[in-house]
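Each of the next two complexes has chain A plus one more chain, namely chain B in the first and chain C in the second.
Entry: the complex of A and B
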């Protein structure tokens, strides 16, 4: 009885899991729910969230497998140490780098808010939104807030130059941006004085926000933690990934030596097509015949594309049938075993 | 002139690349060191990425109202919605993955796996029609193409060949009705041969893509890395 309940519960949840996407496809929900696309993206995020919660499983498993090897000094304990060191280093550096980037964007909070505020004033006045203060009053509030933040930002921006100098980085990029930033300061103040149109003020504030973002970004980019992150990411992660995948190129060539021996007519066809495609892509091929690139393109656009499409159509139909069987829990009974 | 960090990155990248290529000779401690380092770094990189690009901006930030701006006139950019707290339900449901480690409750893992499988099935159903149906309709091209009231023989031949390939390859995998007769068998065999040409072309493209990576790595070693080493030695 108990096991039946568990198995049925799993089957029910499997059905519910797929129900939303099937209904969303079959029923034109846009007609019944306002702003449905927004609701749909939120629901999809909920689905992604379920999967994201499993992110620590990989780390836990690595710790269990390699940690136990290390603790009990089993065979390969040094490799386990290297793996766990790499894991801990990248985790901590990534977290610190993220914290640093958050700090950098926090510096921009007021300018972001002002930029957002002008946009909102414009859109509210266009849509004649009710329940908000009058435009004139809002512009005065914007002016007061801007002037209040001028000194705060002046201090923050001046600090950027000092930090860059302290870090012995190229200060020339900072100087020109600082100059532009201060020119915009005067322009915005002037725009408020002459009661300039809101879109002009919006454009100026947005431009100033971009320059400030560039300056704070320079501080972030030249920070120790960002450089360490770059060293790990570009220096090791990207290089090791590229080396691993290029190594596969050599093994594919070795496999081809075995697979492409002309033992049958089909193998000859495969070898011929592969040779033509490879020769058509390199300059050496042109030396043999100027038509090779055109032959390569024809091969890729005609037999390759149509045969691949036929396989894809067949596989997709099979995938659809499988999906239905999975959704209705009739594919394979994964609700069996000692727990069920 | 390379900065110290860039120099260090280039030197390390070169050493790592040589270590991986040393496997071509035989498996060795140098290769294993960098292989395990790569796995460790990759395993440490993705969880933070998931948190940084998804959990924080899409779930936690709006949930706690960190994305709301308080404007100077007393209004706000948008009202914080308490509906975001509903995300706690899928989050708690997702935590059932961890029952994997508790034998008594491990059956609950299948609840969340079942739900995800159901969602994947739903997405497959939803994705099939908009993705595959246009491909099927577009595959059936006109067999005779006219251009300036004359037959364009090349395009017509290409279209006939395209449809012949498509149908014969599909027919090769059609097992519902028993294949009988010379015509049917020949048609299926033609599909098999055309598929071989497709696989060959596919293989050639894959090899070239990998070779491009290999060439890039060798160029990196021969130029950037050697330059960096020379700079280091002075």
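Entry: the complex of A and C
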């Protein structure tokens, strides 16, 4: 009874979920529902969330499989130790790197707010929005907010130079940006004093925000954690991936050797077609015959494309029928959730 | 405004494909002896399982880079079959995993397979191994596993990308009997070169029905064939229209694409014109 309830609940949720996406595809819901795109992105976020939670299952499995080898000192325990150490190291470095980047973006909070405020004032005045203070009053508020934050940012920006000096990095990268930042400070103050032209103020604040972002980013990029992360990820992980990918070159040659042994009529046909395609691809082929590129193109665009399309049509229809079955929970025992 | 993709043509196709599904599942319930043509690659599954049992070496079943999708559900039917047989013959079945979400489902399927044969005590959850979500880290882990465990039979079922040849070559190096089944046409030639048997594209979707003779799967397999027939008819109509147009350009005939994408008002206007 309990099992049936669970199975029925799963079926119902699957049907509702599937129906949502069918309707979302067929009907332009954004025409009927306000902020539909926001709702849709939240629903899509839900999928990402479930996927993220599933990562815990992966980590638990790694700990169980390789942790038990290590604890009971089974064959290959040292490899397991290296794997788990790598996992712990990469996990810790990634978390610390995320914290560092968060700190860097937090530094920009006030400038982001100011930038958004100018944008809102401009868009409200363009759309003649009612129920908001007058533009002049809002510009004065903007000016007050800006002046209040000038000193705060002056301190933050000065710190950047000290940090870069401490880390024995190239200070010249910072100096010119610092100079530009301070020039913009004066320009913005003047703009408020002279005629408070909003588009100009918006442009100046945005420029200043970009310079500040560049400076804080320099601090983040030169931090020990970021360097360690780059060493582990770009230096080690990406290189290992590239090494694995390069294996493909050798394996393709081995597979080609196996495939091109003439054991049957079909194999001979394939070898002939492959030779024509290869010779048609290289400039050397032109010395043999000027028709080779045209033959190559015909082989790729006609027999090859037709076969590809046939395979794709077959797989897509089969996938569609399977998707219908999944949506309507017309399933066999292995997915029904019922005990058997 | 209006009904975006639900044009009359799309809706007709939608129901044309959905209708046969229900009809043939009901038909399969009454008549279980529906004909499915012989597929050598699927017949070889039993041979591969038997080989592994005789040699006393493990077998592996990889779902590759398959995410939660119709392809995965097609693969699960075969995995269920293989895990049941593994339980009967007491084979060690290794299931390396790339996607943690898929792993959760795969674990249940393998466990259910052992349970169905009354051998749940033989089920070892540690044989379902999460390797990595990164494509080449997964391939590297798979290669290592094949060599360390000296696998006798390998099943490569699902969606594969550039790592397919690395996986299949790893099996070849340890002398494993391999059956590959991929839905991506680009990877099929690699499997043909390295695997003993290869299932091409939709044969993968047929494999579960072929093995289980389950009425739902058989019914949907036939419905799938009927849907293919509809597409085939549309292709023929398209070819005829294009041919007639090339010989007689003055004749006004709609493109096949227009038949599917025409809106309600366009269809109404066209019918009124007739």
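As a working rule, the second predicted complex is superposed on the first by the 287 of 340 C-alpha atoms of A that agree within 3 Å, B and C clash if a C-alpha of one lies under 4 Å from a C-alpha of the other, contacts with A are read in each partner's own complex, and residues count from 1 in each chain.
Heads up, the rule we're going with is that a contact is a pair of C-beta atoms (placed from the backbone, for glycine too) under 8 Å apart; a residue touches a chain by one contact, two chains touch by 3 or more.
As the structure is a computational prediction, the values presented were derived from the model and not from experiment.
Visitor: Following the superposition defined at the top, how do chain B and chain C come out on chain A, clash or fit?
Guide: fit
Visitor: Taking the superposition as given, does A:273 touch the first partner, chain B, the second, chain C, both, or neither?
Guide: A:273: touches chain B, not chain C.
Visitor: Once the structures are superposed on A, label A:68 by its partner contacts, choosing first (chain B), second (chain C), both or neither.
Guide: second
Visitor: Between the C-alpha centres of chain B and chain C, what angle is subtended at chain A's, in steps of 10°?
Guide: About 20 degrees, rounded to the nearest 10.
Visitor: Identify the partner contact of A:286: answer first if only chain B is touched, second if only chain C is, both if each is, neither if none is.
Guide: After superposition on chain A, A:286 lies in contact with neither partner.
Visitor: Looking at the overlay, does A:323 come into contact with chain B only (first), chain C only (second), both, or neither?
Guide: Once the two structures are laid over each other on A, A:323 reaches both partners.
Visitor: Looking only at chain A, is it chain B or chain C that touches more of its residues?
Guide: After superposition, B is the partner touching more of chain A.
Visitor: I'd like to know which partner A:132 touches here: chain B for first, chain C for second, both or neither.
Guide: After superposing on A, A:132 lies in contact with chain B but is clear of chain C.
Visitor: Looking at the overlay, what does A:55 touch: chain B (first), chain C (second), both, or neither?
Guide: Touch status of A:55: both partners.
Visitor: Mind working out whether A:254 is in touch with chain B, chain C, both or neither, as first, second, both or neither?
Guide: The answer is second: A:254 touches chain C but not chain B.
Visitor: Does the superposition put A:240 against chain B (first), chain C (second), both, or neither?
Guide: Touch status of A:240: both partners.
Visitor: Now for A:28: first (chain B), second (chain C), both, or neither, which partner does it touch?
Guide: So A:28 only meets chain C here.
Visitor: Smallest separation in Å between any Cα of chain B and any Cα of chain C in the superposed model?
Guide: Once the two complexes are overlaid, chain B and chain C approach no closer than 5 Å between C-alpha atoms.
Visitor: Once the complexes are superposed, what residues of chain A are shared between the chain B interface and the chain C interface?
Guide: On chain A, the overlap between the chain B and chain C contacts is residues 25, 50-51, 54-59, 62, 237, 240-241, 244-245, 247-248, 252, 256, 307-308, 311-314, 317, 319-320, 322-324, 326, 334-335, 340.
Visitor: What residues on chain A touch chain B, complex-wise?
Guide: These residues of chain A touch chain B: 6, 9-11, 13-22, 24-25, 45-60, 62, 79-80, 82-91, 94-95, 98, 112-113, 116-117, 120, 132-133, 137-138, 141-142, 144-145, 227, 230-250, 252-253, 256, 265-267, 269-278, 281-282, 299-300, 302-314, 316-317, 319-320, 322-324, 326-327, 329, 334-335, 339-340.
Visitor: Could you please specify the touching residues of chain B with respect to chain A in the complex?
Guide: 5, 8-10, 12-14, 16-17, 20-21, 23-24, 32-52, 54-55, 58-59, 69-75, 77, 86-87, 89-91, 93-95, 97-98, 100-101, 106-107, 110-126, 128-129, 131-132, 135-136, 139, 158, 161-163, 165-167, 169-170, 173, 191-208, 210-211, 213-214, 216-217, 220
Visitor: Which residues of chain C touch chain A in the complex?
Guide: Going by the criterion above, the answer is residues 1-6, 10, 17-18, 21, 25, 69-71, 73-74, 76-77, 80, 97, 99-101, 103-104, 109, 112-113, 116, 125-126, 128-130, 133-137, 139-140, 148, 162-163, 165-166, 169, 183, 185, 188-190, 192-194, 200-202, 204-206, 208, 212, 214, 216-217, 220, 223-224, 227-228, 231.
Visitor: Would you pull the chain A residues touching chain C in the complex into a rising list?
Guide: The contact residues of chain A facing chain C are 25-28, 31, 50-51, 54-59, 61-62, 64-65, 68, 76, 237, 240-241, 244-245, 247-248, 251-252, 254-256, 258-259, 307-308, 311-315, 317-326, 330-335, 340.
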